[in-house]
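The chains carry the letters A, B, C, D, E and F, assigned in the order they are written, with residues numbered from 1 in each.
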Amino acid sequence: MQALTNRLKQVERKPMSLLERMYLPAIFKGMIITFGHMFKKRPTINYPEKTRPFSPVFRGLHILNRDEEGRENCTACGLCAVACPAEAITMEAAERKESETHLYREEKYAAKYEINMLRCIFCGLCEEACPKDAIYLSETFAPADYQRKQFIYKKEDLLIPNPITDPEGYKKAAGNRVQLNANK
Amino acid sequence: MDIRAYIGLAIMLFSIGIIGVLIRRNAIILFMCIELMLNSVNLLLVAFSKMHANGVAHANPSLASDAQVFVFFIMVVAAAEVSVGLAIIVMMYRNIHSVDINFLNRLKN
Amino acid sequence: MLLAIDWLFILEKFALILIVVMGSLVIAMYATYAERKVAAILQDRRGPNRAGPFGLLQPVADGLKLFFKEEIIPDFSSKFLFILGPALAMLTAIMTGAIIPWGDKVQLFGRDIPLQIADIDVGVLYVFAVVSLGVYGIMIGSWASNNKYSLMGGMRAASQIISYELAMGITMIALILVTGNLSIKEMVLQQQHGWWNIFYQPFGFLIFLICAFAECNRTPFDLAEAESELVGGYHTEYSSMKLGFYLFAEYINMFVSSVIMSSLYFGGYDLLPFVDESKWGLSANWMALIGIAALMAKVVFFLFFFMWVRWTIPRFRYDQLMNLGWRVLIPLALINMLVTGGVILYLHK
Amino acid sequence: MLGTYITFPELLIWLPLIAGILSFFIQKEATAKNWALFASIGTLMISLASLMYSDGSQKSFDTSNVSYVWLPSIGSSFAVGLDGIGRLLTLLNAIAFPLIFIVTYNKQYKNAAAFYGLMLLSQAGLMGVFCAMDVLLFYFFWELALIPVYFLSSRWGGEKRIAATFKFFIYTFAGSLILLVGILYFYQLTAPVIDRAGNTLAEHSFSLDAFLKVSLTGAQQNWLFWLFFIAFAIKMPIFPFHTWQPDAYEQAPAATTMVLSGIMVKMGVFAILRWLIPLFPLAVARWDNLVIGLSIFGMIYASLIAIKQDNIKRLVAYSSIAHIGLMCAAIFTRTEIGIQGTIIQMFSHGINIIGLWMVVELLEQQTGIKKISELGGVAQKAPVLTILLVVIALANIALPLTNAFIGEFMMFSGLFAFNKWYAAFAGISIVLAAVYTLGMIQKVFYGPVNVFTEKVKDIQWSQRLVLIIIVVIIFMVGVFPQPVFNLTKQAMVFIMTKMK
Amino acid sequence: MGITTIVFFILSAIAVMSAIMMVVSKSPVHSVLWLIAVFFTISGHYILMNAQFLAIVNIIVYAGAIMVLFLFVVMLMNLNVESEPMKNYRIQLAGVVAGGSLMLVLLSALMKTDKLMVQLKDGDVGLIRQLGRVLFNDYLIPFELSSVLFLSAMIGAVVISKRDK
Amino acid sequence: MNAIILTAVWGLVMMLGGAFIKSKTLPKYLAIGGLSFVFLANLWELYTGNPFSLLNVDTKEMLHTNSFNLVFIAIALGATLLYFLLNGRDVEKVGSHVSEYFALIFFVLCGVALSATFNTLLILFLGIEIISIPLYILTGSDKRNLKSNEASLKYFLMGTFSTGIMLMGIAFIYGGNELASFFINNIKLGEGKMPLLLTAGLVFLMIAMAFKVSAAPFHFWTPDVYDGAPTVFTSFMSTIVKAAGFFAFVRLFENAFGVVQPQWQKLIVIITVATLLIGNLTAVFQQSVKRMLAYSSIAQAGFMLFAVFALNDKAKEGLILYSAAYSLATIGIFAILIRMNDYTIDGFNGLARQQPVMAATATVFLLSLTGIPLTAGFQSKFYMLMAAIKNGHHFWLVIVAVLCAAISAYYYFRIIQAMYFKEASLGADNQPLVLATDVNDRFRALLLVVAALLLILGAYPQLLIDWLHYRP
């Protein structure tokens, strides 16, 4: 059969010579190799103290964005849910009351917004689909948990801190990318 | 120590071995009882050797050492016997999946 | 008659025993640390570094963790044997220390205290006896677990240890032919100012070393706990401190076999071969200290070697293990013994 | 002449022995028959020659003409010799075999070579028994005579041959083993064998001389006597040991039966004379009443049973028990006349009983029937046979002028001298013998011819010749017994001195 | 009562008790362990009599090799309490009585032997130097013969346990 | 010495041969060749009085050779040689380890030689063990056969048990021996009354030896073991090995305790009578010839016990003769039995017609076993009886023995009857069943040789006995 690539390496299966069968030289060689590794530079870092920078295209935990006034961007259009290949997103829409204009940017909003983090594959399609810049994939990981139901993130878990009341938290949560997107 | 204490102890162990041979029917335990008998003999021989070392063999300790060399040989033989005996027991177990010696008697009829 | 006993002697021995046992335990503890650290270094990692400076308190933390873990004793197993297993393993591991000369002697309170718990003239045989008993801990524990994987692990351990003991014994005979006695203290003293036994018996040492690996159930001979095949081998069912005992026993065994190898082949507490250290004119206590340090240095090297090998060579397959033991090592050991005997006979003629 | 190189007793033993062994290798039946006949006639010639060369001057009982070293370390040698009794019995033996072979010449045997071989072997064994002058040798031949007979009877006998022969074998074997024990015990008491230089070759000796020289205490004699006697009693057989006999006689092939009853039972009587009486005179004296009582009881018992028998073979068998009982009783009277009578009767009875068996055999060959009740009227069909039979039968019941008369008369005299009551009881058996013998003759040979006897033909010339020879011997000894007395005189004297 | 006497009796008591337990234990594995205990006490006795070599060899050979094999076989066969259903009590009783009376007879007879003392602690009869000298000078022939014994046992074990092709 | 060393060496050769020889028939020839050499070497030692100078090692008096035990070894080796010749092919059929079987037999022979020449209790012990251990294996060599397994296990347990008893006896003897020695001729038996320890030791040793030679009441393992073992090995076990046991028995009790024989003779009498009666009476009821021979071997053991009972010159001569006669006859009859298709007595029906040579020789063997004159069996029994009578005590024992011999005639002659006087039963095709397979002319010739040997020995036992008194 024609090899698809030319990476195929022919292995010779000839019986081992006496020297090879004694294994001792091979073992000795191996020992030297492992010993040599003692003096190599270690690729590991002291993680919690030191971290490595994320890649610019890293897709982390979802956040539901707010605008500068702290209003939720999401209008519960459902496009993200439709776009989600893992069907991890569910939502319920509600109509904004007069008194709630400071809370929701649009007239319709998501009364309930849940992402099942066990299903989510962090593909970022929801982010692509969102017309309102409401959902973003941040640079944080989904933390571990003890119960399955804890992995169903509620709206409260996803919402970004309010930039007005908690600008520090907002900034931290938003990271680089939200800012970038917000300025778009 | 008085030699009679050793004789008594050896006889007790020996008899317990014999009783074991008589009342147990698991071949392995039978075999172990026999080993116990051999050990009581060893103990007795060593005691006698030290007894003679205190008495007749005082001038010539190699006379008393004879018994200890004998014990050494008993151990040698016991080891050889065990290898063979266990092989036989395992062979039997392979065939009938039991080491009950009474089972063998049942086979005959 | 009771009063005629030299109480100071008893006291001295007690102290020595205590020191040896505690020392072994501490060294075993730190061997676990060292194992992880060495593994890390060899694999370009960092190893434990959280508990204490450089992670030095890690063994303590491990110990505490093991102590506080839940005790699980499987149903339908013999509870007594289940506990007896690790206890025996630990006991036999510690017992070997009794006949090892840790140093020459120290002078304290006007007494010459030999740094050896008991100098019996069948020291080498004693080592064998204790080593051969070590397998009971594993076998009993594995059987009491009432678990097939455990049992298989135990069986493997038993057959492996018995098989390799043979080759080890035969090499030992060659060594005894060279030294002419069985007391370890005597052997060490013979090597004191001249040739270490390694120069007489390099080949024997190699076999002994391999067998020592097998006897300690160390990789590449850790078939008994081969996690890829047997989950955890003989200690699959063990948890908490009983598991700790098994692990500890393994490290103590490693330590002890390092000490024995040093004593038998590398002059024990002798600092350098071909050098008469006593001419340096140091006091006995200093000499003892130097001796202990020398011994410990050798031990540390061997311990490191154990770990080094572990992280270099992959595990054997079971049939390979048996082949190596019976078809390679025993014949080689026999040849070694015969050649040694022949040479000695020739030289004595 | 001949005796310088090889002696008569040796010839008498080796000739049939070698001929017998060679016979096994013969392929054809006829050749085997002729070979056996030839060999047995040769033996007869030698026997007759030995008679001729005997000058009647043998010094004593223990004449050993020849002695070869055999088992030096235990003091046994191949010592054989012929004294008067031995000569007589070897003669009987030598006469009997050719006659038997001729009479049964027409009979077909499977594997004839083996049959004749075994016959010759048994002859050799018998010769050995009569010639042996060494106790161990005697025992050897004693057994050697038995084994071929065992095979003969088991192989070529009647339907129940195996069980019957086996019974016979076990009886005699057990008896001879007990005899062996007695011999061995005795042996321990004999003097050492010392060569001329004075070296002790063996601690004890098996030679007859050595045995005779031992003086036993009464107690030793008493129980050694029984060890010996039981073996002999089984062989003869006398009363409590006789149960094997009728079965064996009935089941054995005719030729073997003739050997058994004609010669083999004489072994027992001969052994008593040769061994028991000289060796244990005190014990013989002590147990005489018991043995004679048993013998006489056996006689009457056997005679009574014989009367009731319908089977002709069993009848003859029981009659033999009765006769042997008389001989045994006569020996134990320890009177010279009784013993002399026994000696002559051994020969006579041998001849007579062989003759009887021959007639029975000839009848059975023709009719295939053994039952007396089914036969009848043979006299009309076969007058010669009848006449000869009548003579033989009359000899068997010891009518005067026949050979048995001499013997029986002397035996009765001895018995009478010993104890009148015994003689009286023994006398009953004479009457009974007449009853069953004549009854048998009457039923078989006279009366109407029936389906079974219709085709009976008279006997052939060869068979006629044989029977006539027997009849001649019967009358010869009956009329002129002196040569026999002369022949056995020295032996008699010896026995009597031992008895004193 | 010297200390050696006390040690002697303690060891003896343990030995006898362990031996009894070995016989009466239902589970074969327990039996094996009790027997090992007996061997240890016997080794203790050897040490008490200064038979160092035998003490150690006893442990190496019996405890270290023989009993490991036993344990190995018992475990491999997975023998447990159920593998030996109760035997007829009468036969058991008869066995005990027979063995017991043998013991009593021997004890009562042999306890009448002369009171001879056994040398404890000292004497070099049991030391390896002495034994080695005796073994390789006087007992060379039996020593070589024991190798024949081992050879035959070795062949035997192979013949019996190797599966036929 | 020659025999001991050479058998051990040749055993080793056979063992190594097993590793390298793939052929199944070659080991047999190797074994026969080796054994012939050992046999000749032994004869050479007997003739010259010294072993080969290379093998002349200093045994420190632990082994003692004289013409008596050299003759015995010669008999054992010679009988084994005949056994190899007769049954070599059958050994090949037992299993796949042919060479190993032969090696084990050589080791047994080494043990036989040891137990014939031992001078200390240690060598006795080693000799008996060297005999026993290979036998346990040979007994169990038919691995798939449950009977063989059972026999092996039973033999093994009983063997080790009796070893334990023997060792206890040895220990007692050492303890009671004021000379602190294991040498059998160096035991101080005390004035008048034996020390208690020695008495106990003697009884234990006697029981153990009775176990080893399967004397009643310690015989119960024998029938099962002999029956269960592969027939070809039963033949070996029940002859040469058994004779060796008796030889050791006599040697031990003569040299060690001969002086005090009156004190223990009663025990031997009881054992002898029990052995004779049990052996003979149970043999009568057996239907299987193999089992019958097993019981008859017990019965023959009763006769051989006479040697222990009598302990005099005649007993020794008798033992030698008995070993030869019994071994030859039993090997012969077993060789025939192995070729039979049916091991029951009925299986012999009509053999004389089909295999006249086999039947004739079998008859000779059986006659010899019965003890009919002119066979070696008679001479051996005769010597035994003579020895017992010479001993002078317990005369009734002799009577019991001869009555038992008469009983033995019963069961031996059943086979003769079957062979000669009965017809083979008919098979499916109405043809007589084929009774024996694998019978060739060489086999027949060998049988004739064995039978001839028996007859020659029977007529002239001096041939063998003179060697006992031979002085080079």
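In the analysis below, a contact is a pair of C-beta atoms (placed from the backbone, for glycine too) under 8 Å apart; a residue touches a chain by one contact, two chains touch by 3 or more.
Quick caveat: nothing in here was measured; it's all calculated off a predicted structure.
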Ask   = If you take the chains that touch subunit E and keep only those that also touch subunit F, what is left?
value = B
Remark   = If one overlooks subunit F, the chains that stay joined by touching are A, B, C, E | D
Ask   = What are the two chains with the top count of C-beta contact pairs?
value = B-E
Centre-most chain [mean C-alpha coordinates] = F
Message = Quick check for the class: compute each chain's Cα centroid; which one is farthest from the centroid of subunit D?
response = A
Ask   = Taking each chain's centre as its mean C-alpha position, how far apart are subunit A and subunit D in Å?
value = 126
Query = Once you find the CA centre of subunit A and the CA centre of subunit E, what distance in Å lies between them?
reply = 70
Message = So the centre of each chain is just the mean of its C-alpha atoms; given that, what is the distance between subunit A and subunit B in Å?
response = 73
Key: Whole-Å separation of chain centres (CA-atom averages), subunit C against subunit D   = 94
Task = Two or more other chains in contact with one residue: find those residues in subunit D.
result = none
Multi-chain contact sites of subunit F, meaning residues that touch two or more partners = 122, 126, 129, 133, 136-137, 140, 143-144, 172
Key: subunit B, residues touching no fewer than two other chains   = 3, 7, 14, 17, 31, 47, 51, 55, 57, 64, 66, 69, 73, 77, 80-81, 84, 88-89, 91
Inquiry  = What's the complete list of touching chain pairs for this entry?
reply    = A-C, B-E, B-F, C-E, D-F, E-F
Request  = Please name which positions on subunit F make contact with subunit E in the complex.
outcome  = 4, 8, 11-12, 15, 18, 57, 59-60, 62-63, 95-97, 100-101, 103-104, 107, 110, 114, 122-123, 126-127, 129-130, 133-134, 136-137, 140-141, 143-144, 172, 176, 195-197, 200
Request  = Could you please specify the touching residues of subunit E with respect to subunit C in the complex?
outcome  = 2-3, 27, 29-30, 33, 36, 52-53, 56-57, 59-60, 63-65, 68-69, 71-72, 75-76, 127-129
Request  = Over in the complex, which subunit F residues touch subunit D? Could you list them?
outcome  = 314, 317, 367, 370-374, 378, 382-383, 385-386, 389-390, 392, 395, 398-399, 402-403, 405-406, 409-410, 413, 417, 420-422, 460-462, 465-466, 469
Touching residues (chain side subunit C, partner subunit A) in the complex = 41-46, 49, 308-309, 311-313
Message = Which residues of subunit E touch subunit F once you look at their complex with the stated criterion?
response = 106, 109-110, 112-113, 138-142, 145-146, 148-149, 151-153, 155-156, 158-160, 162, 164-165
